[in-house]
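Got some structures for you, see below.
Note that chain A is present in both complexes that follow, paired respectively with chain B and with chain C.
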Partner chain A sequence: MNSFPFSIAELALSSQYVLPLLILLGAGLLLMLLDAFGAAKFLPWVAGAAFLLSAGVAWTQGAPAGRLAFFGMMETGGIAPIVHAFLCLSGLLTLFFLSDYLDRHDRHISDVYALLVFAVLGMSLMANAHDLIMTFIGLETMSMCLYIFAALFKTELKSNEAGLKYFLLGSFASAFLLYGIALIYGITGTTNFSLLASPERIEIIQSQQTVFYVGAGMLLVGLLFKVSAFPFHFWTPDVYEGTPTPLAGFMATGSKMATFVALGTLMHQLDMFQNTKLLSVVGLASLLTMIYGNIVASRQQNIKRMLAYSSIAHSGYVLLGLCASQSGMEAMLFYMFIYTLMNIGAFGMLGMVEHDYPDTELENWRGMGQKAPLFAVAFSLFLFSLAGIPPLAGFMGKYEIFIAVIREGLLLPAIVGILASIVGVYYYLRVIVVMFFSKSGETSALLPSASRIPLAGAAILVVLVLVLGIFPSLILNPITQALSGLSQATAVLP
Partner chain B sequence: MMDFFTPNVYSYLAVSALMFALGAVGVMTRRNGIVVFMCIELMLNAVNLALITFSRMHNDPAGSILVFFVMCVAAAEAVVGLSIVLAIFRNKLNIDINQVNIFKW
Partner chain C sequence: MVEIILFWLFSILGIAGAVGLIFNRNPIYAALSLIINFFSIAGLYLSLRAEFLAVIQILVYAGAIMVLFLFVIMLLNLQTEEKAEKFDAKRGIAFLFGLAFAAEMIYALRSFASEGQTPLAAQFDYGQVEPIGRSLMTSFLFPFEMISVVLLAALIGAIVVARKHTYT
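For the complex of A and B:
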């Protein structure tokens, strides 16, 4: 493991491997400079171009798993390019809705674009880490940007509250994560995934079970907090409600995808959690998350809050998928991709109507189907997809998850999951009923924004959700291909 | 008897665990936003102490390097956290976290 003295050649090669990340880093710095020199109106375009370029480079760069950069700190092969491209896509899709939302609220906060780029950078670092140090740094880079997103409207008390809650609870959880890393480092003497998976380290872990369980449990707490799994979900609705709506959609998708990939890597690639009780803890958390999220979501009177609880429920489905092995990882990535599309769509379109916080109350959406029929149909499409109704993409995502779980022999959890998702259909349908079938006499004056860019974003997402529902293999095949090399990923260090 | 007073790995770890627990209790019981934040910093420093101890124990620099990263992260966190606290103070003129309670389900 002693890689010193390192060679310049290897550094150059590593920089080439992490080129997609360097593009994002450069773009983030450029955005800050452009902002300082008063070119604020170009910022969304520059950020969008950076996301496209970075995702494109990563997608074409695909490599066999086990291509490590910077002396085993980062994984750049296997699923890493695909995950990076997905994360960039979540940033890009958020951009469609973001600038219009900020304009309508008369808050021209141009720093947000640089932060968005840095947040995606942090997510990618965390998801593709090959060392616990990297996981921590990526998680913190991401979280720091998300804390600012939550508190973005600084004169708004609700936004302040969201920021404070997210910040205090988030850093509390990352302290636990860090203590977990320290304990695992304490018993094994390494933080590198390859070394942690080596036979002699596994032997050490087996001989020091108690400390290992405490450490891995704390690590798990930190990660489960970020995906708002059941006992650590309580911040989610408050934070999402106070956060500017398109950014709440970004929080619910990108950051969760990154955390799920990190969690999945720890659980499967590392063998650390295999055959331990920790896997059943994750399974139990997933069941409770699904049940809790769906039941509480059905009692909400505010659409934004309902979507926040529904995002808790969706975390439960994905966690369940993670309990299945290799095929679960595949289903998880596919589901998170689909979820990114439909959830950014739902949050984004919600943001298109919102001028003030009360605008997301369900009551105020009465008669939306008569006032803006196309808009209401598109929004219903995202809700149907979130509910998992065929032939939309959300159905294929759920199908993959539950099939993977059933193949693994976990029949009972799968049944609980399916029942919970049936409860979920109720609260999505309720919004649609209010929009289309309520008496039109009592409508409010709410109208969706007529700006072109968010409409274009919504149109793209609608097409994607429809197409992927019918041809899921468009995304599923690349994921399977990238994952097929994963089992050899714990190869050797340079 | 002498052994008890000579510091060894376990005494450092015990101090670290104690600091971490104190920080965690502080986060859950204190009501002032800044004090809660200080308790979180205490937890992070407890981790740092543990990491340095382990690093010394294994004679491996990775742990000490992680400590530097944790300190950087804590500094960045202080910037973000204190500015959020400041924004709340400007709007409400206090930072009692019990009064930050608009959202209820």
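For the complex of A and C:
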């Protein structure tokens, strides 16, 4: 490891492998500079271009798994490019809704674009890390930006509460993660994933099971907190409620996708799929998350809080998928991609009307179907998709997850999951019923008064949700391809 | 022998400092007991032959960060909490969980010690400046650089939250 005179060529090659990350880093710095020189109105465009460029470079860079960069710190092959592209996409989609939302609320906080880029950078660092140190640094980069998003509207009490709550609890969870890493390093003497999976380290782990379980358990606590799984979900509704709505959508999608990928990779590398004890902990957490999220969501009177609880429930489905090993990873990635589309859509559209229909109370949405029919139809489409009603993409996502779980022989958890998602249908439909079947009064416009950019974003998302529901293979095939490379690489390891 | 005596001294001082931090009603006293904790941890680092870490611990934590803490406490002019907080069910549960967690850690770490393996981390000279600088510039180059993004984001965050904003 300490081979000192390393070659410059090696460094250049590593930098080339992590080029998509460097693009984001450069873009973040550029955004701050542009802001300083008073070019604030170009910032969303520059950020969007950076996301597109970075995702494009990553997508074309595909390589077999095991292409490591910077002394085994980052994985840049296998699923890494696809995950990176997905994460950039979640940032890009958020941008569609973000600047309009800030304008409407008269908060032209231009630092938010640089932070958004840094957040995606952190997510990608965490998801594609090949070393526990890197996982932690990625998680911190991401979390730091998300804490700021939560506290962004600093004159509002709810936002203050959200920021403080998320920051304190998040730091607490990070400390757990770090302690877990320290314990695992303590027994194995390494934080590198490949070394952790090497035979001699596995032997050490087996002889030091007690410490390993405590360490792995703490790792799980830290990561499960970030995806708001059951015993660690309490922050979710309050934080999402206080966060600017489009950014809440970003929090619920991008950060969760990154954490799930990191969790899945860790479970692979630490051989948790063979370890029934740790696997059953994850499984139990997923069942409780689904049940709790769905039941509590059905009692919410506020659409934003309802979506927050529903995001807890969705975390449960994905965690269940993760228990199903290889095919579960595939289903998980596919589901998170779909979830990114529909959830950013739902939160984004909610943000579009938040100014005119304040507080996102369900009561205020009475008769939305008559006041703004086109808007209501599009919003219902996202809700139908979140509920998992057939021709839409959300159904395909759930289908993949439950099929993967059933194939793994976990029939009972799958049945619980399906029952829980039926409860979920109730509260999504309730919003639709309130929008269309309760009288309000006069018609005002087809669409709420929003500028063109968020409307375009919503339209794109609607099309994507429809198309991917009918042709899921468009996304599923590249994921399968990238993952089959992963399975070959891990097959070499014992 | 001296090492063992020092170890117990520093550990007991460290734990006492941490307990003092939590139970002191006066924020200044709490901050000062945190300094005791920082110093004794630096002592533990020294006994592990991690000299660089010990120096940094004192310079950064006991020095810079504590001064900042004290400044903030004095500027905010916090009062001593007058009423002792009630010991309700929530606190009781939290206390039980804390105890259970401590027991778990003691159990796990004892099992680690009893099996008598030298931790791999103790097998190379990680304490001096040179090996640390070497590994920061080679194997840990990328994370080392990426930490600057965390710091930058934190910096922006502090400015966003703290500045007087006119939302121009």
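What we mean here is this: the second predicted complex is superposed on the first by the 465 of 494 C-alpha atoms of A that agree within 3 Å, B and C clash if a C-alpha of one lies under 4 Å from a C-alpha of the other, contacts with A are read in each partner's own complex, and residues count from 1 in each chain.
Criterion: contacts are C-beta pairs under 8 Å (C-beta built on N, C-alpha and C of every residue); 3 or more make two chains touch, one makes a residue touch a chain.
Keep in mind that this is a model prediction, so the values were computed, not measured.
When the two structures are aligned on the shared chain, A:163 is found in touch with chain B and with chain C. Residue contacts after overlaying the shared chain place A:154 against chain B and chain C alike. By the touch criterion stated above, A:305 is placed in contact with chain B alone, chain C being left untouched. With both structures placed on the common chain, the touch criterion links A:171 to chain B but leaves chain C unconnected. By the touch criterion defined above, A:254 lies against neither chain B nor chain C after alignment on the C-alpha atoms of chain A. Legend: residue contacts after superposition of the two complexes on their common chain; A:189 is shown touching both chain B and chain C. In the superposition on chain A, contact is made by A:181 with chain B only, not with chain C.
Shared-chain residue A:237: touches chain B; no touch with chain C.
When the two complexes are overlaid on their common chain A, residue A:25 makes contact with chain C while staying clear of chain B.
Chain A is touched at more residues by one of its partners, and among chain B and chain C that partner is C.
Shared interface residues of chain A (contacting chain B in one complex, chain C in the other): 133, 137, 140, 144, 147-148, 151, 154, 163, 183, 185-186, 189-190. By the touch criterion given at the top, residues 13, 20, 23-24, 27, 33, 36-37, 40, 43-44, 46-47, 50-51, 53-54, 57-58, 60, 62-63, 65-66, 69-70, 73, 76-77, 80-81, 83-85, 87-88, 90-92, 97, 100-103, 105 of chain B touch chain A in their complex. Across the complex, chain A meets chain B through its residues 133, 136-137, 140, 144, 147-148, 151, 154-155, 157-158, 160-165, 167-168, 171-172, 175, 178-179, 181-183, 185-186, 189-191, 237-238, 241-242, 296, 299-300, 305. Within the complex, the chain A residues that touch chain C are 1-4, 6, 11, 14, 18, 25, 28, 32, 69-74, 106-109, 111-112, 114-115, 118-119, 121-122, 125, 131, 133-134, 137-138, 140-141, 144-145, 147-148, 151-152, 154, 163, 183, 185-190, 204, 207-208, 210-211, 213-214. On the side of chain C, the complex with chain A involves touching residues 104-105, 107-109, 111-112, 115, 117, 119-121, 123, 131, 134-135, 138-143, 146-147, 149-150, 152-154, 156-157, 159-161, 165, 167-168.
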